[in-house]
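I'd like to ask some things about the structure below.
To keep things simple, chains are lettered A, B, C, D, E and F as they appear, and every chain counts its residues starting from 1.
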């Protein structure tokens, strides 16, 4: 059985789906691992390291002969076409944006699993790549805020006067938001945060930050995710948040609603209410942006001197650890699919839809599309 | 012994009793109670005294019963207390 | 033997008893204290034989032998969990002995008895009998030979009041009329009163009542001491009476019970009140002192933090506790579950803030095999991550998640505020496990108390 | 009496010598403050703010009529020429690199004070701009290290495996080094540090970091600064440091010896001993570099995949707070020179060489050069 | 008055004394305890007049009046710093009184005296006289009426040993020979012994000796009680004797002195030993308990951290202390000097790590004006930043640097390890200031102890 | 009163004395010593007793001196103790 990892081809993607460290977990199961030469370049995994970890390095295409293809970004429709029938592909295959690839997978009779759709149950946490990558993004967001700000984050009382601490506001306190809070707090900033989910108040406070209570009804959907809200409520939320935003030195936004474009938390006017020299870090820039005017991968400076950093491939900016966490998620999912050799029955894969995780994550199987269960 | 001496002794013993146990951790409540319980087994001394000078059979029978009961109280009490305290038995010599 | 020497030796025995109680008040000296007490008792018993004239020596020695033959094996064989009832029984027989001694001495004194002596005799008989019958009932309750629930019946309050009045009445009668019959009547009424007094006491209050009866018995011994002109008995009895009283109050406080309510429940309780008490699954909840003692005598402790630690912001306090244990030579590790808290690495962020050295943190896979050699696992504001349902209850939301197997440790302590479940919303069977002790309250407040208690040890 | 602040003209200099906040301290003394329009642009001080703080905004030259000129970078020889005779200039006038400006100042009869030469005595700490700017640089250095590293700084135990903490090594534990230690520690890294001064062992430990003890004699000169060392000792130090460097994920170097080029702490070979993906932050790049191959203002990637960030104008990257601290230093020094109005004698300046601080900091006075006293 | 009633009232006074000592052992109840003691003494004194026959009433009342006229003003007017010597003097006169009482009673009993009574009398006279003369010498030392240094002269050891032998010898003589003369000789020798006993004691040990003499006096009172058949005197005297003994040991421990060394210094010390003791400038060093009490009764406390706090890594402990004080309703602020530590913002980094809320941190300019209303400034591992030399000593390396003016606070506590100076290497006069208390030791260890002590209050 | 009673009282009083002061903070050492010092001023009672039945002038003189000294000890002692304890005077009512 061959597990293949192609080089990521999307511009800006620096992660890799398997790091050398985890390869022995697969080989121990009896699986062969094939890595496209150079796949780990950006995440500090050299071909030599892969080889000594027990993988085979192949220059050029690795997909054709593969039984399982592991990647970070979904395979392109063209790549899907080259797969064997019955092959398995695991990646961040988004049912909303990667429609073509899913079509192609179904057509090719490929079993396509999406890490985005792994249900958020406790048992699946070790396969939850959304969480592990959000962790990286949240950490980065706080660092970027500190890096761009012309101010210190911590309070410092010095002979040349007192440096007051930065006021950091985090909007959206999911996995990324909480990590951003933690990191900014560690640097000494005064952090406050807001989220629509009622449970998040306790979570925010448990990080030592202040929670902003707005007089709005809460919104919590299934699996701990937020629900989308009406435009009315969104407008009201923006209005109530404005004073908090105006007095912040750094605002970090991480709000997302699964399968939707990111909610618009800050309008141009809100951005303009901020002081010159303040920083906005929009982690949701790629999915539409929480902040009006943010552009993924760019730093936009407004006419009022506010800089908006639009996140793009943020976990890739922490390529080493992001890859390493992602690899473990993928391997854990793959292990779930694997029936190890036992009593003579050879090693095989078993797409068992009884299992809620597999059922949830599978998008195409045997030429058919499946809904995912979320 | 005159009354004032007895009362003085009583009063002082009350103070000693109060002071000695006034700060005891709750895990020791039961062993302490049990130890105190064994101590009042010294009524055995009284029982022996009355038995020794008992003249009628009734007195003898009653006082022999008293001795049996008091002995149970005293000896049993100390033994059971000791067993309760086994957990404190040098489980860790390194302690302080 | 010279009377003065005899008395001096008696006094020495009394000093032993003081030292015994003193020793028993501290974990480190408790065993030694008990032994000193036993030595004192032995001295006192032996020396009495040297005070001539001694009659009936054979009877006396045989009776002692019989008593020892009953008491020692009972005390040796009893199981840990049954000790309280044994203590109750021992206390009862002690009270009975005191009552008998007083009655015999009363016979012996006959008409010579002074009024004071009669009054003390009456006191001894009444309290000794109450202590005897009351203790027997508590014994039966604890041994589950009868219901552990408060026994309350209509008109019970009046019956008990009437009995009390009768006891008082016949006491007066004895003092005025003298003679054996009144004394026997008094004894019978006192026995009845003892029963009625203890019947309405509910299960949890029983230990408090035992302690109180113990103090009573002490007082009867002191009273016998007066009648028998024995300083030793006066001192020993008073000591037990006084320390027993304080102890009763301490116990009531520690259990959060009102002493008054416990004792006079009999008079005030109405049947429906007590019948209504909800029958809940029993959990073992402890005090900060209990936790501290468990920790103090442990060789290895694993701290399992969870979301509650973060909510309580108790990271600094937990570090303090760990440092304290380490300074006592205890091997301490933090067992970090990968999903403890509400964010990946939540516990790391928290503990790093408190400057917990990284090398004290152990991952789940590393720490799980060590629970077998762990004396105490202290679970602080965690729940799901130690919930055995993940292994035992297919279909529950956490089924299949690896957990920290704290149940393999010799003792498990949970610090949480209530019996509420954690994030996944499922009950944790481990909370009801007999080896689990619960310390209820906010994690920070609880830890602070444990630290103080541990420092005091 | 007119105090003038010109716009900084050196490329990359974003600080300003006076921020609006401190202007009232000068006007309260009876001094007039003139600011060149746009001087505060990069440090978030608008002309309007300056005006409302009590300064006069002048478009174009402000030097000619000034009694005192405050600047961050030394005035150019040309600028010096335009000053009134007897005017005072205060800036980072380095006697080693700004020789021309000093010549020009002497020629123009200008009294030139250098903040670099303020002696390191306790009383002068409030005027010690080297310290305040080193503070900014040290903070930035740690942030840059975190930002560039493909690894997390903190330890995180997650469902996708454990992220091990970054090993950060700080070489040179002066003001900047200690602040870098503090910041990296806050982010959760495992920090160790080395310095030649014997006192620094305690200082490093007081920040919660490990001090690396090398078997070398200590080097401490006057005023708490380090002395230069022989090439022998330097080579030995490098040899002994190599194993520590090889296992670090981020190395931050801050070593300096006043008035000298920065000591070379790391050779190419030492850089090559590091793993790919590791980061070196060289704060001394501008003064010759602690690290072989570092270039000020650039990120050099070695053939082995190590990235070396060369610091350039590092405090400018924290322009707001760096300016604000610098301003207070300058104002404190200026106040020392000022004899306030009293009993009819008008406000005046008094260059009193009895005062050890003034004596130490003055480089030219009445057309003569002075040594400084260090 | 009925003898029993009289005795009972005496016992009540004894109970008052017990409660008084109990009260005096805790800051909160100390005043009340003293008052209870005074009540007990009043009861005891008044009731004695109701026990007929009373002769010489006029003399008695006048003598009391004179005593009161001397004692009260002396006690009222004495300055805080002179209290110890007054206590010594009071103790001495008490001892003298006991000796006199015994001598008079000895006269009165004449030949009727039992051997036991004679022995007790001898004991009272000897110890009372030693207590009297010894106390007078300590008074003179403390009052600086004579040198405070140990007075040791060649052959002193032999002289003192010889005197002791003479005292013992004449004691035996009194017991055997009876009569007034031997008793007077004994008294004289005892007075001499008291002087010789105390002379070699050095300044710092004097309080310990006072405490010991105090316990001695207690025992003489108990002995008088035996002779006078007064339970009250026995109880009161024994109480003072016992508690005084313990207290003496506690004091010696707290001062880090060996009790044995203090007492038998007289016998063992050689002149050169003591003469060699360096004469250092006195500083007032305290114990963690002292610090805790100062803090407990403060309304406002300012914590001044410095480099030593960082060295000791005591940031978490200081926060704990602050939190504890805040929970007791004390107003707490941290006074942060701009150059405290070794790096700009050093204290901020440190305290942020311990999660000290930013709003508790006050800059120098903000906190300096408030020291006047501050009860305690606690300086933790800081030195230069509070050194008044910066304002008073032109030319010193820190002259002109603004400092935290902790000397304006009512009390200053320094936590440091030694008398060594700080970074600038200059002595800090504030360490020798009478309002300064030093707590030596590593800041973290010291703070931990202060926290425990404060919790216990 | 017989010897054994007196000894018992003595022994018990020793325990009470020990227990009662065994945990006192060092700031209270001096006030406690001073308070104990005042307590032994009850020798005044003894002095009054001997004065009352003194027959010779010598006895009278000595016992009057004793009364004076004892009074100084007692009254002075309590007053000075009270003064020492002034710092604990409800300086803060809010305490616990």
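Basically, a residue touches a chain if its C-beta (ideal position, glycine included) is under 8 Å from a C-beta of that chain, and two chains touch if they have at least 3 such contacts.
Bear in mind the structure is a predicted one, so any value in this text is a computation, not a measurement.
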For this session: Could you tell me which chains are in contact with chain B and with chain C alike?
Result: E, F
Problem set entry | Minimum number of chain-to-chain touching steps separating chain B from chain D | 2
Exercise. Once you count every C-beta pair in contact for both, which comes out on top, E-F or D-E?
Worked result: E-F
Exercise. For the homomeric pair chain A and chain D, should the interface be classed as same or different, according to whether the shared residue numbers exceed half of all numbers used?
Worked result: same
Exercise. Among the chains, which has its CA centre at the largest distance from chain B's?
Worked result: D
For this session: Taking each chain's centre as the mean of its C-alpha atoms, give the chain farthest from chain C.
Result: D
For this session: Go ahead and note the Å separation of the Cα centroids belonging to chain C and chain F.
Result: 40
For this session: Between chain C and chain D, tell me the centre distance in angstrom, where each centre is the average of that chain's C-alpha atoms.
Result: 68
For this session: Could you give the separation in Å between the centres of chain D and chain F, each centre being the mean of its C-alpha atoms?
Result: 71
Seminar exercise, completed: Expected list for chain C, residues touching two or more other chains, is 18, 231, 235, 313, 338-339, 344-345, 349, 352-353, 355
Seminar exercise, completed: Touching at least 2 other chains, the residues of chain F are 1, 3-6, 8-9, 12-13, 15-16, 20
Exercise. Going by the touch rule set out above, which residues of chain D reach two or more other chains?
Worked result: 125-126, 131-132, 135, 154, 156, 158-161, 163, 186, 188, 208
For this session: Could you please write down every pair of chains that are in touch?
Result: A-C, A-D, A-E, B-C, B-E, B-F, C-D, C-E, C-F, D-E, E-F
Exercise. How about chain F: which of its residues touch chain E in the complex?
Worked result: 1, 3, 6, 9-10, 13-18, 20-56, 58-60, 62-85, 87-89, 91-92, 94-96
Problem set entry | Parts of chain C lying in touch with chain A, wherever the complex brings them together | 307, 310-311, 313, 338-339, 341-346, 349, 352-353, 384, 390, 397-401, 424
Seminar exercise, completed: Per the touch rule, the chain D residues reaching chain E in their complex are 121-123, 125-126, 131-132, 135, 175, 178-179, 182, 186, 202-203, 205-208
Exercise. In the complex formed with chain B, which residues of chain C make contact?
Worked result: 13, 17-18, 20-22, 24-28, 30-31, 33-35, 37-38, 40-41, 44-45, 48-49, 53-57, 59-60, 62-64, 66-68, 70-72, 74-76, 78, 83-84, 86-87, 90-91, 93-94, 96-98, 100-101, 103-105, 107-108, 116, 207, 210-211, 214, 217-218, 220-222, 224-226, 228-247, 250-251, 254, 286-287, 289-290, 292-293, 296-299, 328-330, 453, 456-457
Exercise. What part of chain C is in contact with chain D in the complex they form?
Worked result: 336, 338-339, 344-345, 347-349, 352, 355, 358, 361, 363
